[in-house]
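There are two complexes below, and they share chain A, which is joined by chain B in the first and by chain C in the second.
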Partner chain A sequence: MTYVQNTEQDQAEMLAAVGMASTDDLWKVIPDDCRFTGDLDVGPALDEDALVRHMRAIAKKNVAADALPSFLGAGAYRHFCPALVDNLVSRTEYWTAYTPYQPEASQGTLTTIYEFQTLMCRITGMEVANASVYDGATAVIEGVLLALRTKKKAKRVLASKGLHPDALAVLHTYLRHLDVELVELDLADGATPVDAVQGEDVAAVAFQSPNFHGVIEDVKGLCDATKALGALSVVSVDPISLSVLEAPGAQGADVVVGEGTPMGNEPWYGGPGFGFMCSRMDHVRQMPARIAGETVDGQGRRAVVLTFQTREQHIRRTKATSNICTSQQLMALRATIWSSLLGKEGFVELGKTNLSRAHYAAQRIASLPGWSLTYPDRSFFKEFSVTTPIPAAEVNRRLLEEHGILGGFDLGRVDPTRPNEWLVAVTDVVNREEIDRLVAALESLS
Partner chain B sequence: MSNPSDLKYTESHEWVRVDGDTATIGITKHAAESLSDLVFLELPEAGDSVSAGEAFGEIESVKAVSELKSPVDGEVTEANTAPEDELYTINKDPYGDGWMIKVAVSRVPDDLMDAGAYEKHVAAEA
Partner chain C sequence: MTTTDAPTHANDTGAACGATTGEQGPLTIFEKSSPGRRGVRVPTTDVPDVDPSSVLPEGATRTAKAELPEVGELGVLRHYTHLSTLNFSIANAFYPLGSCTMKYNPLVNEKVAALPGFAAMHPMQSEDQAQGFLELYWRLERLLCEVSGLHAASIHPTAGAHGELTALMVMRKYLDDHGGADRKVILIPDSAHGTNPASCTMAGFTTRELKSNDQGGVDMDALDEVLGPDVAGLMITNPSTLGLFEPNIRKICEKIHGVGGLVYMDGANMNAILGRTRPGDFGVDVMHFNLHKTFSQPHGGGGPGAGPIAVSEALSPYLPTPKVELVEGTGGGGAHGADPGPDATFRIVRCAEQSIGTTRGFLGNSGVVVRAYSYIRSLGERGLKRVSENAVLNANYLRVMLRDTYRVWFPGPCMHEFVATAKGMPNGIKATDVAKRLIDYGIHPPTIYFPLIVPEALMIEPTETESKETLDEFVAAMKAIHAEAESDPDVLHTAPHSRCIGRPDEVRAVKQPRVTV
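Here is the complex of A and B:
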């Protein structure tokens, strides 16, 4: 960003232009009892050199996840990302407006969307994908809304408590004001019981696999039970897990959604991320957001266009399919480049590395006296819940302060009845030596 | 214009033929021509109720998606679910084979237009 001056003379000119005597006049519209009138507690003004030193000192208090061994996941995961992704995504060809309404001027961007959709269909085993939505949580509600539009007369939604807490919160936010009943399904031994999928008047059954506790759900069983109710299944997945697990499309899923960040994006500061959404051709006209489709131009040459603009907000206003008529284009492009660099074999290899490292870590931790897996009879991919001998919050504090290790997610933060449950993510960016360091550190804690 | 004189018309370009208790509903030739190539039609099922002025379905062309509004109150008895690749029937024969739904009528509003009034309405919109 360029440095912009704001001199007293500039201020006087601006105030004169709006007919005010002082900046205080600008704030007069704010009621007195809402205004803070004392001095802000920020210390005296600093010169540039002192300010830079001050900011650097504050920045040093941050601990970056890539600067130490990290076992933190809970929905935001780090995976290997080739430097080439940063390089390619920065090419000026992609510095276009994010909305490619003019196909004649946007074949590059539209082609990357088309490739992204193809990629997501292949990974999930589904027939159609959109160009992405905001994030994993909004993707879940968009899947549920698709089901509600399709099953017009059904007014109930079943949602597994194994969904990410953010996804559940977003479901409540959206459905609270609709004539729809949201029923949460309790987990049994960490998984959604297939026989809990029942009831009349159900439009959608939403669940996540691996679920928030890392447990791999009975996807086929849950999808079959959903179908038996005449409802649509909305399955949220970690795309990386589909490198080694069966695609939900092959297990009967009607809508597959998820957070796409693990593919070629970093957790950064909790965003930006992107959500993906896939379904079957039967439901294509109820898919929200945009879909790029292949066609031919006037001279018969292959071309890509946005196929469902007719259902978006700029044309249909309040009657649009969704109030999200956009995509997280840059993040989805990162995922597309990342996937093309890994290739199918690289993707599977990455998945196997996650699987074997996570299982090695789980085995080592569970062998420590006082430590155990919370759900030893369940299958997991790269994340698992550990029952800790001391509160998980205490485990994390001591790991960071005494051992320079970023611990797992303290499940007590989302459920106060689980202070001794600790969600540990082990991905390919954590190596065996770091896992051994974690195990040795845990041994010294208890 | 060749809008049949035995039909009634709405401002949103639907027509209705009332024959005893049964109403047959479709879109006008002007509507079909304005929409151009049709790609998708969504209609209600038999047993669904419709209300005058309320949407009973939607029609999608390469240009736009529009709601279909019922001219009358009643209950759907039949929907003309032509396969997608035969939607051109609506362009070709909007007042005949291109009909959309049949309704057991409970009320026909007084303010529906006759062919002459509808043609004036179309001319005024142009």
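Here is the complex of A and C:
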């Protein structure tokens, strides 16, 4: 297959125009000792039919999760997504455009970024959002880096062990290069103790709520304790949970970040999703990535542009706030359209459906002999940890093989000391009948 | 379009101010909101209702609903359909945005990416449930190694700049383990992308700028002057942002290696050299790819992309985790280098002693992996070479056709792109005026004011998928604009005239910031 349109005749005319005898002359600019003259070992070209068959054969080696009731979350969640989202983002004007460098030719994308920033601020209770970052895990480190730039002299970061393991791993990887000490805060009964937030020279305190174990943290208490240290709080949240949970902005958070995938996107085997990042206007010049802002044109008409660009790498180079030069725009657009379709009331209804179904499931599972909630005294939103009578890995294997159910996350995979802890996510795409099937299946296992 | 056909009004790229745009410029969805109006019905509770305040800690229940817009489903459809028409895109306009490689994005790649076996996979599914994806990662890594001439690859990084950062961390760790902990300096040519120096800072390096010579290449004397025991490596874009292949690249790599440094190649411009030269063969130790440029992942209005890195054998133990590995003793008998054979099985390595660790959540941007792999397989060996051949031919054709009207900064043969200048245009016309006027001609402007070393730069990259007719239309438009600069400069100073807005006041956006509706 080829996507090149030039015919041999076109090529001949163009070569004549540039004064070359053949296409071989195009490569004279590459020194002979650098030329590759062999054949690339990449396999034969596939026509469209053969290509689709080939890709289908590879796809069949995966166990697609859409046909199965799924209780798997652990940082990646499926939620209801209206058909119109797929339809609208498939407009080529959105998906084949690039970064809106020319505002007059990009008011569509720019307006949607401006809308996205607005809705993320309204959901989190913050004042400014950027156009998105890579994902939820990198959003946490970007929040911490913002704090380090703001608190220039502080060289210590506190991070709760309730953060997603990937977010924690990314913090370690990045901070190792910046002469910053990373202190992990142990959980007590599944939550970050407020009195663990202490120490000197602290730039940032990062935590997640609901945390990786599904436990809702004392957001206000942790933010207050952070403030008392003179540090900035970086709070990672599930945006769906903010339908029923208090906005972190109202609880004193300085930076609010998270994985945006639950809003109108699918887990897609880890990506592309998007991370979001919100803060207060005081910090706008320390925000990484793109920010859209409203202005006017020469005739006073509203126009949206990329703004505060002096923060960015193409101008500031080594002194830029970040090396990020793009966003996850198409995914953020999905979230924008999704939010518009749900609306003010629908968003809250969806949240209540998650809360109610998860609590129904938790209650049913915990009533089974031998099964219990790991943190019965803690609150949760849509995901909770269950202590299992047999190893969670075994639970999952038998659920899939014997009952066609995709089980929760086996916490033994990230912490070998917890083989019998099982993280169960119950979202709005799992209904009562499927929850009842799960409970019946668990009953037959033990 | 002909040269005499200067446009003044809206064209078919959808520029007209529609009923929902109004005289005030585009409206947002928040201004379409009416209290009580509902869009879609969400899944409602089929279990006993739980009152949030009965199960949440005190003070944790939301007190005020988030003010999301209240719009009907049809209203949402119309709003976002209309906004889409305010965009230029590959589907409706030539998009010669230099260094961004805005080529055709084949629809078949969207079709295969939507297969349930790919689209409906959860990243925390066990490895035995995700063998297809692990195989796909492995296959694409092998293909990237083949086109780069390098040993191993990782598709973990999410974007080009993320690939840069990841690769610099790999270099750091390798140097630390090989007695080079004191090496802190990365040399960067003055024509480099801004992400290069920014990534260096984030990876804990300092940078030293390397002057270009009058041919646009690395000044070899200047290189000798900055080489020393503190040099960790060189970060070079090749072909450069000037569209030039570095003629001394082999010698440069030898010099860097000679002082114990490593050579990093920014592969943003890989489209020009597919199948013609391989970075690993001329001495590069590590590079990144932009799957959204070279391998046709749609740009999405600014993402998603992916920035895989490929490295030499010596650096391969330092690649990030998680990474995909062929299970020892399986596989073999494949038809080509990226075919693992019928019995291959794969696993994910989550922790490796020498690895730099994790730089993002989960394995990678898997949806991008599907599209890039599909793209390469659709082209095959001959097709990949036709990509570079026509990318370079199209660029050279434009360079020659335009050079009598616009000065080409480095006039010799180019690769996939070239940099012209608006310097010296009549009546004080600047690059930005040319760019804005091109919009009226229904063409997306080139990259302007970059690279920084060329004044009033117009950086033009046509890509291989454009036809000669389209290139000729672009040449005609550029010549018409040059004529207008002489005869009617005001029309350029005030361009564009065909969109729903004119030039926005960017200073006001900073001085009176308004970042939410």
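Here is the rule we go by: the second predicted complex is superposed on the first by the 382 of 446 C-alpha atoms of A that agree within 3 Å, B and C clash if a C-alpha of one lies under 4 Å from a C-alpha of the other, contacts with A are read in each partner's own complex, and residues count from 1 in each chain.
Here is the rule we go by: a residue touches a chain if its C-beta (ideal position, glycine included) is under 8 Å from a C-beta of that chain, and two chains touch if they have at least 3 such contacts.
Here the structure is a predicted model, which means the values were calculated and not measured.
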Next on the checklist: Under the stated touch criterion, which partner chain does A:Asp186 make contact with: chain B (first), chain C (second), both, or neither?
Outcome noted: neither
Checklist entry - Regarding the shared-chain residue A:Arg311, is it in contact with chain B (first), chain C (second), both, or neither? => result first
Item to check | chain B versus chain C as contact partner of A:Asp415, first or second or both or neither | outcome: neither
Item to check | Touch count on chain A, higher of chain B and chain C | outcome: C
Checklist entry - First (chain B), second (chain C), both or neither: which does A:Glu402 touch? => result neither
Checklist entry - With the two structures laid over each other on chain A, which partner does A:Lys319 touch: chain B (first), chain C (second), both, or neither? => result both
Item to check | chain B and chain C contact sites that coincide on chain A, given as residue numbers | outcome: 310, 315-316, 319
Checklist outcome for this item: Residue set of chain B touching chain A in the complex reads 40, 42, 60-65, 67
Checklist outcome for this item: Within their complex, chain A touches chain B through residues 285, 310-311, 315-316, 319
